[in-house]
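Each of the two complexes below includes subunit A, the first together with subunit B, the second together with subunit C.
For the complex of A and B:
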């Protein structure tokens, strides 16, 4: 039967995920419940099933019955709780709708369990056993076939580029061999926030950065990472690696998008099983570096009270925390932190593929109440962030709650404050 | 008690054969569990590290003992009672002079103890905090939801040595050798179930915290 075949595949995929850290984590859990308090899906719904450690139950069962002496004994005696197709079906919404892989639980667990990484591992088992929400299946099929989860083809990008070039008179370089930097974009940036591309062009011109886009590898969004399929993720990373190697660039720039950064910066080399021939930098890291070295000069200050929403994958899972704050200090005079800032920030509710999964819309909007309360505490006029996905989710959440507040991308904010004279003087593209 | 002609025989057995068996099971069990973890290993990480692993890993072993402010506000009971319980438990286990003497006899190391009245007070506080935690487990929606029979077994087996120790100390069971024997027996029960339960966290939390801290350090996140 198909189900038995699937469940065997699922269990095997889960087995493959178990390593020493996973075993240490399961051995250490004392059922204290603190991880629930760290998770916005629990705090905003008060439903205990969203407790992070509960989400990894299928993986726990596999670990116990296969990798511990006592568990194996129990299994032999028929006392072990098995992983069944029903169990996976029941857990699937918890894993995909009720978790954004934000990693906040992993910061709070007193015994030090990295629960979020374990949830990512459970997704591998879900994919292998065919328990995946529709929305994500569609996105990853498009990503593999068309090259972008939102189905964006090169033509669409070229059209946006044409617009930008006409509006600004700037040139957006494509397929320039030997450029220092190859920039990646997320689909949402191409479709919803093309201002990002424009900002890059302006900033790089002023800072005299040699850069290019690749017509073969422009899409950074990695649906394989979101759905939890290493096979798909590997294929998408390989495309970028091929593109970068073809153009012989020294650096690849991850766009603001958080999961794209995790995919290309941290997971990518492990997916393809070797180190890259280039370095990966997040756009905020690069902007900060340019500013620190004096190549990026800004003028004028935003005087509205504003705050910064840290995208989980960039700060908590990516280690980019000081950079956005240094950048903001140059262009905003009234920057205030939310409660739990930086690496303890609360997720917007739409990461980890949740925003691509319509079934999760209701719980996602509930989860947004966390952000809402955080924002209400500080009473700001503008919300700055650095992830196209966060930005869409925040805009939608604010609108839903009748909160009138613009959401701005940090790179754009910087580009709006570029020192004018430099912009004129630096006509030195390649 | 038919097996033993009198309380003294019982105490002798508990202190002798029974203790050796329990200690053996405890040590072998814990070693097996730790080996089971390490033998699984970790895959090589090909991504370019931003920071080191060892320092942040060790740092996390210490820093995870302090909870962040937001979580403390959301769950003050678990945090406060958790601290009180662990501190009192360590006082009772390691600062009661007869316990130190036992450790000295076993391992040849010793340190100064606390006055027995203080240890007695710590025992009472430890028991009260355990009861409070049990009550919390039975009433809080998340804890009720998460708890399995193992949590309750572990609670009981952890509570017994405190109770029997307290009763022996206050001569509440007669004759004294029986009281002491029951206390030691309850500790042996604890040692035997230890490797098979979440009590293992006493050892594995160092491994768990290290791995998480190391992963964070590698990515340049302050643990």
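For the complex of A and C:
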């Protein structure tokens, strides 16, 4: 019964997205331009079209002509600037290639406008009018049909698990009903960084955490959030909720992935319209809690000079800022901060679906110059982060710029420094 | 001694790079320039050689110099001011008599065409004998000094508009700088006294762009004198609600209501007091409980009593305002309902998006 996606549906979707906060944001924008300086796509290209508030122009036009008195008058007199298919086509690269939804613009807005949320709203209109990049359509389709944006099936996960179990001698629990924690994984972790799964197993064994993976809901990435379709996002969140309810877990652990955390922790309950029967924690929050309560013990210190790249969604939208620093202070003797650390950190350039969108590769590498200069300022040997997508983008950017520097996941770093059981006695003697 | 750049001087005073950049950012926004200009401002201030400044004091009370020079703690604004090369200022300089005048002549010769002249005080035309320095009349000294100047900054209402010396009956025949200087750019920085940040802002603008900022029709930099005190006053909401203090010790005054009826000249005064405030942003006249005197406007001294209200509206305006508010609320509510309906329509027309709907997937 669905006809093709078209401009009428696109405008209707934008109309649907406008709520009181959005109207207030548009009315209170003072055109100061501070958001431009906060956006790495603007600072690294110097192209004013990347000014965050400019990216929401289609939404602004709909708000003006549909929800304001003067706008309606102008529309009646034929003076309003209409939202056309051409406009949306022109804006598509700004919305998908030139924005990672990192939220830094929202932080600097002097009148408190949440610009990145508005850009997310524009994506709804883009989806409904079929102005979406090929890469994201592919990722969403695979996420819905196969179960993972990278097309990873359960079999691939089982194969990885088998490897890990053989290498470590540890059991990776799957579908254990009544476990306390259900861990989610991003497909990048399954394919590119299986060390993460291994780290979880080691850490949870030491800390005696009862956990499990779900064969029906192991994928954390929510491509619906990235492409900007609540309908698709809702379906993907529902899978996790069903999986967690089936296993009757108390907690769901969001992995080292940024948007996955935003999707399941913040957007999820609003999308499905009810509260969860479980709590969602980010892996860094859990590790910090385990360490604070003395269940997670580490030994030795990394003596290389290292820094931490805060994933935008985790630090800015998730508020997980102190935890990684407390964790690092236990395992790294030479931790230094980048400029603009914590909640004002600069995005890697590949979040919000940009990394899944090949068309954006050039501008993304340009945007990486910001991270490059941040790293050059402090001259570190190791870069630690807590997001598989950031990690991949950082590795690629470093390689492109001939910078030889390992990028490490924080959970992995912690697991490398776990206190070995038989060393406990020796520790006491010291 | 003029070899050091401004930034080096600041560094010696213990101002950090971060403090310096903060100052540049504040200054850039103060001057209403786009944020992309911050690096340019910083660069200009970093590399600028200290410009030579000759300060001429004519019929004045030294209040302007006090305002600008009194640095309670080493603020960057204060230091910027300290680190211009103030080659002549007869209140401050160590040299006296011939040596002092010699310093002025030397600065004029060495920096011909490049130095800035700051003037505070008005110039008496009735009889030059009213105010002389080293036997030279104010008029002669002004003409002589501005000859090789790049620009003239008239600091304070006396030099900008004539000020107190010009008040009726103007016994000395006092006139402003701009009425005498026609062939050089004159920047008026009025106020009795003016806000220190405003003069440093004008100097910084000059250092950055080598030009003077945009001026209003009274020759004042628009960035600082572009808005009225009234429009930026924190007591404005009380004015809008019709809540006024009637005496200086009534309930209204204690509650901080609008001082309009006590003669506040805020509505006709253009200055930056309400935003920049005074004494390191501690307070400003209206905040301390007294109406604005309008000191940055021409003829403020002769504009009637400081305590006479500008004008009081007749009739039962409170009632009228009440009706207007009620009508506004009704229109607002109607518009709100219309918008809600509009949105509800949009929601009901929503068709669920599935991945099969994408054109990309249909082609296959």
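Definition applied: the second predicted complex is superposed on the first by the 416 of 430 C-alpha atoms of A that agree within 3 Å, B and C clash if a C-alpha of one lies under 4 Å from a C-alpha of the other, contacts with A are read in each partner's own complex, and residues count from 1 in each chain.
Please note the rule applied: a contact is a pair of C-beta atoms (placed from the backbone, for glycine too) under 8 Å apart; a residue touches a chain by one contact, two chains touch by 3 or more.
Keep in mind that what you see is a predicted model, and the values were worked out from it rather than measured.
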When subunit B and subunit C are modelled together on subunit A, clash or fit: clash
First, second, both or neither for A:343, with subunit B first and subunit C second: first
Contacts of A:67 with subunit B and subunit C, given as first, second, both or neither: both
Partner chain(s) touched by A:231 [first = subunit B, second = subunit C, both, neither]: second
Touched partner set for A:9, first subunit B, second subunit C, both or neither: second
First, second, both or neither for A:140, with subunit B first and subunit C second: second
Touching partner for A:37 - first (subunit B), second (subunit C), both, neither: both
Subunit B versus subunit C, judged by how many residues of subunit A each one touches: B
Contacts of A:130 with subunit B and subunit C, given as first, second, both or neither: second
Subunit B versus subunit C as contact partner of A:18, first or second or both or neither: both
Footprint overlap on subunit A, where subunit B in one structure and subunit C in the other make contact: 18-19, 23, 32-34, 36-37, 67, 69
Touch list for subunit A against partner subunit B, complex: 18-25, 27-34, 36-38, 42-43, 46, 48-49, 51, 53-54, 67-70, 106-114, 117, 265-270, 272-276, 279-280, 315-319, 321, 339-340, 343-344
Interface residues, subunit C side, partner subunit A - complex: 34-36, 335, 339, 342-343, 345-347, 349-362
Complex contact set, residues of subunit B against subunit A: 32-33, 36-43, 45-48, 50-51, 60-61, 64-65, 67-68, 70-71, 74-75, 78-79, 82, 140-148, 151, 195-196, 198, 200-201, 204-205, 207-213, 215-216, 219-222
Touching residues (chain side subunit A, partner subunit C) in the complex: 2-5, 9, 12-13, 15-16, 18-19, 23, 32-34, 36-37, 66-67, 69, 127-128, 130, 132, 134, 137-138, 140-141, 144-145, 229, 231-232
